[in-house]
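Shared chain: subunit A. Partners: subunit B in the first complex, subunit C in the second.
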Partner chain A sequence: MYALGVDVGSASSKAVILDRNRKIVAAEVVQAGTGTTGPRRVMEQIFSKTGLHREDIVKLVATGYGRMRFEGADRQFSEISCHARGVHYLVPEARTILDIGGQDAKAIRLGNGGEVKQFFMNDKCAAGTGRFLEVMARVLETDLERMAALDTAADSPVSISSTCTVFAESEVISQLSHGASRENIIAGVHNSVAAKACGLVGRCGVEGTVVMTGGVAQNAGVVRAVSRELNREILVAPNPQTAGALGAALYAWDDARRERGDETG
Partner chain B sequence: MISTTGKSAKELLAYYQAKLDEEAREAKAQGKLVCWSASVAPPELCVAMDIAMVYPETHAAGIGARKGALDMLEVADRHGYSVDCCSYGRVNIGYMELLKEEALTGQTPEALAKSPAARIPLPDLIITCNNICNTLLKWYENLAVELNIPCIVIDVPFNHTMPVPEYAKEYIADEFRHAISQLEVICGRPFDYNKFREVRHQTQRSIAQWNRIAAMSRYKPSPLNGFDLFNYMALVVCARSRDYAEITFKKFADELEEKLKKGQFAFKGAEKNRITWEGIAVWPYLGQTFKTLKAQGTIMTGSAYPNMWDLSYDADDESLHSMAEAYTRTYINTCLENKVSTLLNIMENGQCDGVVYHLNRSCKLMSFLNVETAELIQEKNGLPYVSFDGDQTDPRNFAPAQYDTRVQTLSEMMEQSTGTES
Partner chain C sequence: MRNVETILAQFKEIAANPRQAVADYRSETGKGAIGIMPIYAPEELVHATGYLPVGLWGGNQSINQARTYLPPFACSVMQQVMELECQGAFNDLAAVVFSVPCDTLKCMSQKWKGTSPVLVFTHPQNRGLESANRFLVEEYTRLQSRLEEITGVKISNAALENSIRVYNENRAALREFVRLAADYPQFVGAVSRHAVFKARQFMEKSRHTALVRELIGALTAQPLQPWSGKRVVVSGILLEPDGLLELFDELKLAIVDDDLAQESRQLRVDVQEGNEAPLYRLARVWQRMYGCSVATDTKKLRGKMLIEMAQKTGADAVIAAMMKFCDPEEWDYPIYFDELEKKGVRNLMIEVDQGATSFEQARTRLQSLAELL
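Let's look at the complex of A and B:
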């Protein structure tokens, strides 16, 4: 028996399959989110990679921004609960999660059993999220992958003071026209994302091991900036983009076991 | 007078709301005085002088709920009002500008003609009170200047400590007496003190019935769906000094008691957990904010907002100190400690498992204190909470998906702690 979790985000779709022993069989990511072909493609992709079919899946749980519009799910859980479960599975000692996705950032404080104790999300604004980085990458004529490497070459990061993405964009343009190096601007952009996200962590209260998840956790520049800002070591969850889908799969696995009784135990 | 026996509370609510608007339009047509009033300003004074009352906040909420706010907000935008100002004020000022344009040109502006809001007449005087915010002072001063009409201000000091000190009550009672002298000038006749006493008694009868309804949420499961209070609130604001409110609320409270006896509950068998809603409703998304909660089996059984109209006082107290005390102790006119203890009581009475805080872009006083309030309350009762960004009547400041995620997570957190996970 298999259980599947799918995380339909604003910018990407993720899926994870667990087997009867709660081991991860596959984890897939498609860089297209809700309202696109992303959710369908990530399912096709994970089935073709594993050779499994929809009928092999006993339970399917959806999470993420597009969870309600995803057809064929047995249940939906919020991405907060799913990230908490996913991270607790991967890093049991984690007590604080910082997840930065395409259009939202969230800080979650976990209890000893991995339960959500408190969480805060960004307000109605893209500052401090993946979208903010995307906009900046475009202005700086680079891409998200190269930003982390460029960041390491910064010697004097500029300060980006605007919270608003649109204003920050014009701030970056004016920095460029004043001759600031791309490297220093990128480091400044990373610091700005970190400062905003760490504000959420601060409200939640930083405790124990801090783990980062979400697409932005793949950017080592942001991770370094967060670590500086919080003044602690940051663990990046393995395969950080799929932590939410993994949590959804764990919920699905529980449901499947409940339905199947001991047979799957 | 209609026969109330055959009518349900819901029908009475709709009937009296329409009747109040009709009365205001009629008064205007007959050349009688019409007054626009702030929602927690004392209506007792004007009602004693037979002045027809209109309540801009309730009117704006109605426009919001009927999805007509944007048109009015755009008028206010064009007149230079910042989007940072309270959206009740902006909707009302937009509406007033359209009414004024109509009065000056004889032509009904298109936005006014197609507005889903109930038609209200322009005021001849206005009355405001800063017991819930100071926005209401500037907003009403502005109305007075734009329309060149008298503005009665009941100034109420903020209560940095509780209970309310005697000197504050004396000061507010003086403000009432000053308003009375202003009304005598505006109406051109002596104040009717006998009617004033009667109106105070009527107000107390209405409030007693209102409190009967609010008390129904203490039962678990609850026969009362707390969101209904957001609808019935219209009458506690607009008609508490009339028997319209008393009749409707009594009917509703009786209906709820009957349901309780029969074991009929608001969510049938689906009540899983209970929340306190802190802040004003999101009127343009009232249905959606409710449905998201309901889908999780989460019922609202506590809210300090409708409770603001628990204006109980001693109607026989001619010094007016008791009435003064009622109008100043509204929880957002008091210190943080009192706000926290008010909310803790509401949560306890409603047997709530968590709180949803509306960080309302419009209402600075409620919102700015919420972050601190939430932390203090959690320290005391350990219950989970979430906050979401929104606005009571500016639909541009609310994102449904963000609300859904936060509310669903809260339900999941409450299930963790109450062990009701299915």
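Let's look at the complex of A and C:
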């Protein structure tokens, strides 16, 4: 018995397969989200990697921004429920989740059993999300992977005060033209993302172990900045980008179990 | 007797065609319409002239010309009103009655782009003093004389008393409808419920009351059925457009009561009967208003009110429908949010933009709430 969760985000598509013992068989990511070939490719990729086929999957649950448009799902769950479920599976002691994805950020407060107690999402604009970092990486002639390493060399991070991504980009260009180092600007960008995301956490109420998920959690510079902003240690979920897909797979596993009873195989 | 569906269809038709409603009124009565800007106005005065009071609560169109006159952080209701002003949509109104309880309304009242005369009046900030009532009577007296000038109708005390009675009856009928809608979510979904309120803005109130009473009759003729979805209370300025309301229906979130400025806040306070002059009794309404972000509340009772509302209706959650860029509502939110949390009342905040065409983030938030209830 296999269950599959797929998380179709705005910037990437993720898929996770669980076996009958609720163990992760595979987790795949394609950096293309809803409305692109990403959802199809991530399915092809995970089936190719595992040698499984769609007919081997008893239940498939979709989540993420593109969940309603993903064809072939048995059910759809919201990203909030799926991230909570996925993180609780990976880090049972987690009580606060900060998920920063391509164009949204979410703060989720969990109860002792992993149930969602409260959540907040960003509104009005995408500042403080992965898209913000992408724009800044481009103007700084670097890539998302190298930003964390460059951040460690900062000695005097600049202040990025604009909330709007486009104006913040202008601010970065202005800082560059005034001779600020790329490292200090990147650290400033990370601080800016952290400040916005932590505003959500503040609204939600920070409690217990804080876990970061989403693509941006792979950027250690942002994680360090969030840690400083919240003044506490931050855990990064293993394979943070697939936490939502994992949660969806767990819902699919429950459904499969219900449908098949205790049947295994 | 007409069925619920047919009556609701009529409300929806009227709600979607305000221009037709005004034209019909004009052809039937020979009188025109007077615009009523949000949020509170003594509509009874306008009604007493025989003109049709028409609510100007925005729309759902793309914003183009309004950007010339408003900053992007003005709320969407004002953006929509400004766009319609620029298009000349309000030019056939005999006048526009304008209250100014928030900063954006203050500014809007001074830059009306249409051709209709704008009748601005001010609510007193301090609502605890008797002098505040006297101040508002003066404002209403001034408004009354401007209305008389424009319409050529002398507003007699008898006409005003009649209008007060018509409005009180309308509010009572709607309050009864709100209670019934909570019992019949299978018949009255979020979109339909809103249409009943929305149509109120474009109908002469005694006619609206008659239609609401007909709906109440048709509803009560139906057997009560168990509801498999969840029950929520909504709070905010308004909950539009229909695309957002459709999510409530799709996710089976029945609106069992509301604290929306466009809806039940308009029904909250009746004009009291008594021997005082009708203008004085109209003015007293403002002092007796409660639980609204634009009416100064030194005791901050909105949270308590929402908790009671949720308890009374057996609601599973309270949803804050936060009007984007509405600072009075944003200021209230942290206070009642804390109170709801302390009482263990499930709650959610969604952002409302009247001109929105995509509701994916709202869907995520509402679906998440439905999943965790």
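In the analysis below, the second predicted complex is superposed on the first by the 263 of 265 C-alpha atoms of A that agree within 3 Å, B and C clash if a C-alpha of one lies under 4 Å from a C-alpha of the other, contacts with A are read in each partner's own complex, and residues count from 1 in each chain.
One rule holds for everything that comes next: contacts are C-beta pairs under 8 Å (C-beta built on N, C-alpha and C of every residue); 3 or more make two chains touch, one makes a residue touch a chain.
Because the structure is predicted, anything quoted here is derived from the model rather than measured.
Chemist: Mind checking subunit B and subunit C on superposed subunit A, clash or fit?
Modeler: Once subunit A is superposed (C-alpha atoms), there is a clash between subunit B and subunit C.
Chemist: Touch check for A:181: first (subunit B), second (subunit C), both, or neither?
Modeler: Neither: A:181 stays clear of subunit B and subunit C.
Chemist: Tell me the contact category for A:81 with respect to subunit B and subunit C: first, second, both or neither.
Modeler: Both partners, subunit B and subunit C.
Chemist: Could you look at A:218 and tell me whether it touches subunit B, subunit C, both or neither (first, second, both, neither)?
Modeler: Neither partner.
Chemist: Which partner does A:116 reach: the first (subunit B), the second (subunit C), both, or neither?
Modeler: In the superposition, A:116 contacts both subunit B and subunit C.
Chemist: Which positions of subunit A sit in both the subunit B and the subunit C interface?
Modeler: 65, 68, 76-81, 104, 115-116, 118-119, 121, 123-124
Chemist: For a test of understanding, state which residues of subunit A touch subunit B in their complex under the given definition.
Modeler: Its residues touching subunit B are 65, 68, 76-81, 104, 115-116, 118-119, 121, 123-124, 203.
Chemist: Using the touch rule from the top, collect the residues of subunit B that touch subunit A in their complex.
Modeler: 359, 371, 384, 386, 389, 397-399, 401-402, 404-406, 408-409, 412-413, 416
Chemist: Contact residues on subunit A for subunit C in the complex?
Modeler: 65, 68, 76-81, 104, 115-116, 118-121, 123-124, 205
Chemist: What does subunit C use to touch subunit A in their complex?
Modeler: Going through subunit C, the ones touching subunit A are 324, 341, 347, 349, 351, 360-361, 363-365, 367-368, 371-372.
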